[in-house]
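Read from first to last, the chains carry the letters A, B, C and D; within each, the first residue is number 1.
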Amino acid sequence: MKKLINEPADVVSEALLGIEAAHPELKIDHASKVIYRGDAPVSGKVALISGGGSGHEPLHGGFVGPGMLDAACAGEMFTSPVPEQMLTATKAVDGGAGVVHIVKNYTGDVMNFEMAAELAAAEAGIDVVSVVTDDDVAVQDSLYTAGRRGVGVTVILEKIVGAAAEQGRPLAEVADIAKLVNANGRSMGMALTSCTVPAAGKPTFELAEDEMEIGIGIHGEPGRRRVPLAPAKEIAEMLVEPILSDLPFTSGDPVIAFVNGMGGTPLIELYLMYNEVARILGGHGVGIARSLVGPYITSLEMAGCSVTLVKATDDLLALWDAPVNTPALRWGV
Amino acid sequence: MSETATLSGLNAWVREFAALVDEHKEELTRLDSAIGDGDHGINMERGMAAVLAALDGAETPSSAALLKNVGMTLVSAVGGASGPLYGTFFLRLASACGEVTEVDADTFAKAVRAGLDGIVARGKAESGDKTMYDALAPAADALDEALAGGSSLRAALEAAADAAEAGRDATSPMPARKGRASYLGERSVGHQDPGATSAALLFRAAASVLG
Amino acid sequence: MKKLINEPADVVSEALLGIEAAHPELKIDHASKVIYRGDAPVSGKVALISGGGSGHEPLHGGFVGPGMLDAACAGEMFTSPVPEQMLTATKAVDGGAGVVHIVKNYTGDVMNFEMAAELAAAEAGIDVVSVVTDDDVAVQDSLYTAGRRGVGVTVILEKIVGAAAEQGRPLAEVADIAKLVNANGRSMGMALTSCTVPAAGKPTFELAEDEMEIGIGIHGEPGRRRVPLAPAKEIAEMLVEPILSDLPFTSGDPVIAFVNGMGGTPLIELYLMYNEVARILGGHGVGIARSLVGPYITSLEMAGCSVTLVKATDDLLALWDAPVNTPALRWGV
Amino acid sequence: MSETATLSGLNAWVREFAALVDEHKEELTRLDSAIGDGDHGINMERGMAAVLAALDGAETPSSAALLKNVGMTLVSAVGGASGPLYGTFFLRLASACGEVTEVDADTFAKAVRAGLDGIVARGKAESGDKTMYDALAPAADALDEALAGGSSLRAALEAAADAAEAGRDATSPMPARKGRASYLGERSVGHQDPGATSAALLFRAAASVLG
């Protein structure tokens, strides 16, 4: 295992020290492993909390700041945070207008956030609305699965919903926008290599030099199928076509197109993939209104990428364009 | 042979479970790597180490106090799917055992049933979903049945542990329908469920020190 | 070789198509492989051009835009661009106030930029000042080397000098600021893994599971020495101490601290490294005035990092803080 | 045996060099991987392929026209260190040969010397720096010496190619002092210089088709 770390057990807490040192505009609760925007709680503003296992950086801590999240709870590597963290965060950021929990749809995340919301209601009487993201078309949403995983759409959602909250919109509206973005978004990912959880010390799965996994999530887990390595053109089709056939795009609908790196793939390859994605979308008459290219929801050092498309409305685009000031996304300020 | 689960017996159970988890840490992680995210052993080990540390410093004068401490510690140290599930199991066990220092076999069996119900309430697992439920439910059934047939607590726990292990083994051919493994669909077939494997350790620990 | 590409020979040109699709605010000359800010030439403004081999993204194309570069010339993978590219770019961006060429100190880059500058003077009578970055303390600057390599300082320099040019400062002053930043900056890098040039198809060098390279550049070349894998703490010392002993920091001097990812290292590890770097600097009484953490000057999918420190003045810090609007660095707008 | 380098001879030389580069592409890249950035074979192959393509479509009625085309194409297709260096070599060769269709042996030798001077002017290499200079300079010397001693152009080019190869081999024990390999310091010792290796191919190509 080759990593820039000290003890595997200390990776998350030491990275939080680094985030604190690099971003004095944030506040870090090291005991609870929660990252706060510096001016939290913002009175009268709906507060946004997300969180999840670590190893997906910049998600979620890199999205804390004005115009996006109020707090992010960092779990152990690839393991959802525990209810206490979300409870602490919920109490700390509540500005009186209620709190939205943004939860990626994994059994563990959903259960831990659920317990936190129960406790927040019982202990502190705080209004919490949970929004679960489940955009991964690689997973069939049926009785036979835990439902679709929450992946790339989470990034787009946190930005857009963060802007809505920043504008002072009320809890119900903010939650509705979150649900709309999730309903309008679909993703699909692939891996060229596996990744290694520091405490495990070896790759979660093995892939031969001529193989890749299609339909992976973001936890170094194997995907839906293992296929021979293919050119970028074909990989792009394997990712985009299932999205388009799942989401009823009408020709001409504007989308936010997001090509995400899994952590170990260089930017030049992501731009090359973006070109393929844009080409395929053009062929379907889907217009790209906004784009995002880079490693934003990662799986440690995994090589690979995912594609997320979100069907946008004018309101959603305006919220996307609104100012944001976080370590990983910043514009307008 | 004692017919009750004493406070020290419950204590020994928790410690024995911690020891077995520690011993099987790599196996649990390996199983989770095949169909999950490769952290079940790490999660359980972190959780049980936290439990041991918590118990060392705590006053736990009753079964409820002891088991609640275990449950709370698991909820706040594990995360993932197994944290709330095992945590809820012990929290329900605690309520069902009550503020006593000794519970009889029937009470213990009812407490186990309550713990199982808690897991179902949180995770909505059903039989055949390829989860810890598939080891825990047969174990609870075997415990009830053996006690009803007049077995001692120890013998009934033996039967329960055997049933848990059979249930664990039976998860191999199942396609997963809950938890991360469900994403793999048919690709999960042929792999034993990690949570069912740790659940079998829980009952094996009980059989070797309780009753 | 596992990469998200089509033909190895087409990687650079296809990535440029992706950059064009994702960033409509830029202009791309595909024949010359030059990326321009959309409103170039900006009349009366000193123009900034950089360029170099591809495979270091976001450097340099990701730094084109208001407040930073006017143009970036993309060479083949790890191979400096050719004079024609810089000549074309120089003519296209000259707004009458002269042009600064920012050149990383590699024999090939220096010679190709030199030929371009000669041609620009001869053919078009354009005032070109070349500034060479040479901040890599892993290389001894002596008669026995080609001089220090230009690495991380290039990023900081392009930001600061871009701001100076945007403010309308004259050519000589802009060039002086560039030289000052370079003189005040030092870097040192390391690699956990090698990387693969697509056309070569296999890693440039091989590293065992328990080895790392200290003192690497950004071209997948081996470093100064190969040592056993070490904890992040020790790696940070191996990188920071040579910098501090080379640059005469006075205790209390504010610095811009930059922890850069080489392309394949996840962000969580970079923040962990940043913590170690900040701790060491604290021990030396060096105050961090600004920071940058992320993969900004990369070496394809290499795992590893580099540390850059730039001793700052108030003017340099103000220029650092000035608005910038590029694909990879954006703030204040 | 012709005592001159004709236009078609120069043409054949360039084509033969391209063929040798193509043949040794992997070797050049492998050598550059050891002490550089692993692209010398790729660079030279790209450059010479561009040269062949450029020559196919071009009118090159004189030695100068031909060699200038080669030089310009290398400068604009190769990049890196070798592009400007080989490019400059051919551009200087072009000027020194002039607008003729045939150059005699002495003129050719002077042109080679001019090319070498151009490389030094661009790259400031000295003997022993472990660069292409260490193959080219002995070749130019051997060429002069053989012609002064009365050899035919062909024989002199043989001597030059031998000298280039000896110079190339002699780069192995040197620590590099120019180019990327210089960053490695002593670690570059024991590796043959890639640029000296391609330079030896240039003279081997000349020896086999020119004169």
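By definition in this document, contacts are C-beta pairs under 8 Å (C-beta built on N, C-alpha and C of every residue); 3 or more make two chains touch, one makes a residue touch a chain.
Given the structure is predicted, the values throughout are model-derived calculations rather than measurements.
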Both-way neighbours, i.e. chains that touch subunit D and touch subunit A: C
Topological distance between subunit B and subunit C, in contact steps: 2
Taking each chain's C-alpha mean as its centre, the one farthest from subunit D: B
Subunit C and subunit D, separation of their C-alpha mean positions in angstrom: 32
Averaged-CA centre spacing for the pair subunit C and subunit A, given as whole angstrom: 29
Intercentroid distance (Cα basis), subunit D paired with subunit B, Å: 75
Subunit A, residues touching no fewer than two other chains: none
Subunit B residues counted as touching two or more neighbouring chains: none
Touch-based graph of the chains, sorted into line, ring, star, complete or other: line
List of subunit A residues in touch with subunit C within their complex: 2-7, 11-12, 14-19, 21-23, 54-55, 57-58, 62, 192-193, 209, 212, 229, 231-233, 235, 263-276, 278, 288, 291, 293, 295, 298, 300-301, 303-305, 327, 330-333
Touching residues (chain side subunit D, partner subunit C) in the complex: 29, 33-39, 42-43, 46, 75-85, 122-123, 175, 177-180, 182-185, 187
Partner subunit D, residues of subunit C touching it in the complex: 53, 75-84, 106-108, 111-112, 114-115, 138-140, 143-146, 149, 197, 199-200, 204-205, 217, 219-222, 224-225
